[in-house]
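One chain, chain A, links the two complexes that follow: it is found with chain B in the first and with chain C in the second.
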Partner chain A sequence: MSDLILDRISKSYGKTQVLSEASIEVKAGETVVVCGPSGAGKTVLLRLVAGVVEPDTGDIRIAGRSVLNVGPERRDVGMAFQNFALYPHLTAFENIASPLRARGLEAGEIKKRVDEISKLLRIEHVLGHTPRELSNGQKQRTSLARSLVRGPGVLLLDDPLRNVDAKLRYEMRLELPRLLRNFGSAVLYVTQDYKEAMALADRIAVLRAGRIEQLAPASAIYDAPESIEVARLFGDPTINLYPIRPEAEGGAAVVRLFGQTWRLPRGREAAIDRDCMLGLRPEDVRIGGDGHPGGVAFELEAVTPLNVRGVLYLRGPAGEELLATVPERDIGQFGRGHRRIWIDLPAEKLHLFDRQSGARIAPAAA
Partner chain B sequence: MATLSLDKLTKVYRPRGREPVLAVDHVSLEVGDGEIVGLLGSSGCGKTSTLRMIAGFEEATEGKIRSNGREIQDLPPSQRDVAMAFEGYALYPPLRLRDNIGFALLRERRPRSEIDQRVAEVAGLLEIEDILDRYPSSISAGQQQRTSLARALIRRAPLSLLDEPMSQLEPQLRAILRARIKDYLIQNRMTTIFVTHDQTEAIALADRIAVMEKGVLEQYAPPVDLKERPANLFVASFIGEPPMNIVDAIALEEGGRRWLQILDGAGNPAFRVALAGQASALPAHGGLEPGVKYALGIRPHRLRIGATSAGTEGLTARVFSRQWLGDQTHLGLEVAGCSFVAVADGLVPVQVGEQIAVALPLAALHLFDRASGTALRHGLDAETRAA
Partner chain C sequence: MSMRKTNPIARALRALALLLVGLFFLFPIFWVLLMSFQTNQDILRIPPSLFFSPTLENFYAIISGKLVTSAGTLEVPFMGNLLNSVILSTASVAVSLLFGVPAAYAFARFRFRLGEDIAFTLLSFRFAPPLLVVLPLALYFQDLGLNNSYLGLVWVYQLISLPLILWIVRGYFEDMSPDIEHAFRIDGHSWFATFMKVSIPLARPGIAAAALLAFIFCWNNFIFALILASADKQPVTVGALAFVTASGIQYGQIAASIVLSIIPTLALALYAQRYLVEGLSLGAVKG
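Let's look at the complex of A and B:
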């Protein structure tokens, strides 16, 4: 059982700082997903843990011991990649067995362990095939099996579901957490896909421009994003954002938006007279019927279905754009768009950010 | 004004020294005036070859292409009156973005004020108004793609062909740009055909989608029909995120009733679904011959959690995975040894390991022929719904 600790890691290439003081702690048996846009430094982070590159400053500890300047093969780290990286001339069995052979395990023990993990990953029937004869899904499972077979203390997964088809990707998303729990490794998992991150993570580390912007369970990241950028990275369609400047009225904070005055819930007084951004998630917009009292009239310009939800593209009284989503079964009533509908804003669901710094303005405790 | 029809359109590539490749296999479809059509499939399915034949960049091996009823398959591209945006961008390097986008209007000798106004409109729509005075080499791939798209959209051509128009876009911009583009296409009544490998994009934009696989048109239908009435197992397991759950099932007649015996992954009996009413309530020719093995499908969001429904009374599932994605919950369910993916709107308050009631409503079940994959019925309730 090994914990993984990244302690204020920084890394530069020439003048480019790719990681700045990144700290993450992964407990044995925990999965932390590093999620961020391309170029955020995700892959460099994995390479640092693997021992392929060394940090400029900071420490990396596995099972309480610093592994700086410890060779990759002696770090107790397993890795699986998005491009599978299998040996093309070896069978699936030999690919999976390779880390065990490298450690000089005896043949009987190797067979037992390979059979066990293959069964778990449901590839026992293709162990005799070479990578060329495997489907992408089987290659990916073989690659996972190889990374897991010797039960590494730390497991690094670099976007392993990127190159498999949708059906398998969803199956693996549901299966992986159960599978990983069997091994008790500290798992660091990298992806650009926020949904995958939310699906798989015990905690998510949001990495942007080399910095960890937020490290928290998925629900906290989605419901209480620490910054505008985190709010924009998590959610599809992207959160609606409007520049506002809350004012005081009768002791509460109010905002002018869509030609109306909206009263913010208690505890938002800190935002008064500050330049803010107001965030509104598309699924939090309330769609009223005709002439919904208290609502605002919007023009429905277009309807774009999205997986299990439908997206309504709306324009407000002053031409403001608003994206709202509704359950798929309700899309039909909106046709191809071009009609008037009424919407309402649930005040308790609004997010507030400082416009200058981008930081969340958290509601004061009641 | 433009309608388009493809009539048994076929493309065979004959690479030197290798076997000929049938890239597009007798594809026929009609595109109505002002309609937005998506050609959807994985790489190598023939969607781009089809688009290039319509544009005139590839010669059709066989078949006809008609625009407004007129055959155009032998005309050079310039006489087909189509606007095209490519995945490879193809911007003119020495021109600023502003002039790249306005190029077609400049050539038509439109007044400068009109060109400026229309460039501003499409640039605003695609969020490139701040970089109009830059050159293609100095902008990102995503910006180049938006510029290429702007150049096609500005023409308001009778027929617009868009090749992977949004593949490079930043994820945070996708939903809003799709919405604006769809609005623009509808406003200007632009007949549009676009190619994509991304079903989310196809479903969001298209009035109808042509699903292609190995050169063959598998189904051509509105997005909702691809989901609710998939023509075959390929479409059923390709469309939908997550895609349809598919299990094997044997039809039985017992005690004067009809049943479906669901099989688990290893082929062993898992659980049964009772079909409505007496055996005679279901037409024998609508599928369901006793003793025959079928493929049975149900879409993830049609499984009902914590509920019961006719045919599957008392059925329970063990939750082996629960994933909250912010606006929807994905559940991994094990029902008597069968795995199902279920999707629900909002947060579902169940725990991993919990046993919960689950229902497979008869109306949500799809029946397929196992050998050919062809859909036999959509809905197994008493109402007849032959596919």
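Let's look at the complex of A and C:
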């Protein structure tokens, strides 16, 4: 299995600089999600690796070998496109078999491998259909199967969940990391959706205006964003930002905000007398309720229930699937999954429905 | 598809309107078809009548190549003309496809120096009236020895078919997402395999439409063959002139020759139809 290295890649179209000095390293088996607003150069980045576009300067290495001026067909990459890019005149089977046919595998082997991957992606029943007979979800899986079937050293996924419905996108976010782990490819995944990035990434590369602003594990991106823009991109609702100017007071830095003086923790003295932005994540605001001496009084203007939680995908002793959610803040303790945890069912929270009629069976009045 | 509930009067009016439009456009062909089964006397009768005793004389004269007139029997090589038309049109379209489709692909996919100018120049061949070029061409052809040869005519016919195929097929290639080609390359196929196995099959409806149109335009050409070819290489359009004889115009034979010369293009159009429709329903890429 091979590593992918992008070494100070620059690319411009005419006068527009699309990428400048972008460097990313993806190890075999690692998933790096490139996240950024539209027009940041994400898709161009993937196309450069695929060999469809050549960079102006910089080097791209796959398995230690520079692939500049090597045709896409000889780069050992697989790619799933945002618009699926299936071959409309071929069946799903032939679409998936295409990378194997290109390598001249014999028919029996091709059939075996296509069957294998389509079973994994649960599209084995539509292999005889042409793309226009497939639902969007099936198209997306077919395109994913095509990119995976050969087990390429480098896998490029260009926002593959963009054009599928919300439910499927959600399922795939849970499924993809498990799937990708099976293949051991170096995965470069592009998305605009920060939640998708957080869900899938071993590391996230934040791309903005052609530059990598930060390349770090998801938690680091969220907890220690390197720039205002990174802080703004990750988090919903977005981070609160206030212009401030820290001052020195008793040897420490203090800021004036909301009519009060707040003491900053040690180590922030460098900010004294500089124009700064203060950021505060919405979930970090400590709410004191109606009466809270020492705090600042705010008027509560509106309340929007969102119920945002971290999602756990669990498998029971007999293979039963169970989805559980925990407060987003607590999700860190579960790492990236693959461990045993114990669960309990609160009896008073269980809902009962009649299987025939579907009607709720309400608890009898005591 | 469900039957729409509409006012029966509106429906009847619509049917009548369709009938009138159909009659208006098809009447000349219908009239020619009738004429082809009539003798010259029936045709020239005043007032004209729909009732006559049909005769196969016209078709017999054309197919046997012997035209009997009051002034004697004339040799008419009409079947040879028909064969010439088939050879010239088919060869011209084949040559145009061979050069035009790859060129259309290049114009659609790559930006190169003078690209647009070259494409426009090729299109501009269609602006110039053929009469403007045909006389100098005749002189050149005399010198080159291309006069009265299939090669020379097919070459000149490229003025008709090549721009047509180039511009129609180019549009089809441009409408095709390059991602599909990229995907095929990334799968491990060479660019040539990609062109043959993805680009051409996907543009097939466009290629079929363009080839059909080009074939009809070539088939209908009159002036190039009139000037640049003599009897043994002339297509039907010129060959029909033989029925204007010293002893009068043979309307019946002209009608029969028109009927015979419509058949190949009509058959081709009916055959190519399914390819034309096929492409419209290929949901290649989600928009």
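Following the convention adopted for this analysis, the second predicted complex is superposed on the first by the 307 of 366 C-alpha atoms of A that agree within 3 Å, B and C clash if a C-alpha of one lies under 4 Å from a C-alpha of the other, contacts with A are read in each partner's own complex, and residues count from 1 in each chain.
Simple rule for what comes next: a contact is a pair of C-beta atoms (placed from the backbone, for glycine too) under 8 Å apart; a residue touches a chain by one contact, two chains touch by 3 or more.
All figures in this text were calculated on a predicted structure; none of them were measured in a lab.
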item: Partner chain(s) touched by A:P363 [first = chain B, second = chain C, both, neither]; value: neither
item: Touched partner set for A:K139, first chain B, second chain C, both or neither; value: second
item: If touched residues of chain A are counted for chain B and for chain C, the larger one; value: B
item: Touched partner set for A:V308, first chain B, second chain C, both or neither; value: first
item: Which superposed partner A:G332 touches (first chain B, second chain C, both, neither); value: first
item: First (chain B), second (chain C), both or neither touched by A:P160; value: neither
item: Partner chain in contact with A:L233 - chain B first, chain C second, else both or neither; value: first
item: Touching partner for A:P72 - first (chain B), second (chain C), both, neither; value: second
item: Interfacial residue positions of chain A with respect to chain B in the complex; value: 37, 165-167, 170-171, 173-175, 177-178, 192, 195, 198-200, 218-219, 222, 232-238, 281-283, 301-302, 304-309, 311, 313, 321, 323, 325, 327-328, 331-332, 336-338
item: Contact set on chain C toward chain A in their complex; value: 177, 179-180, 182-191, 193, 198, 201-202, 281-286
item: Partner chain C, residues of chain A touching it in the complex; value: 47, 50-52, 71-75, 77-79, 81, 83-89, 98-99, 101-103, 131-132, 136, 139, 146, 150, 163
item: Interfacial residue positions of chain B with respect to chain A in the complex; value: 42, 170-176, 178-180, 182-183, 186, 199-200, 203-205, 207, 223-224, 237-238, 240-243, 300-301, 320-321, 323-328, 330, 332, 339, 341, 343, 345
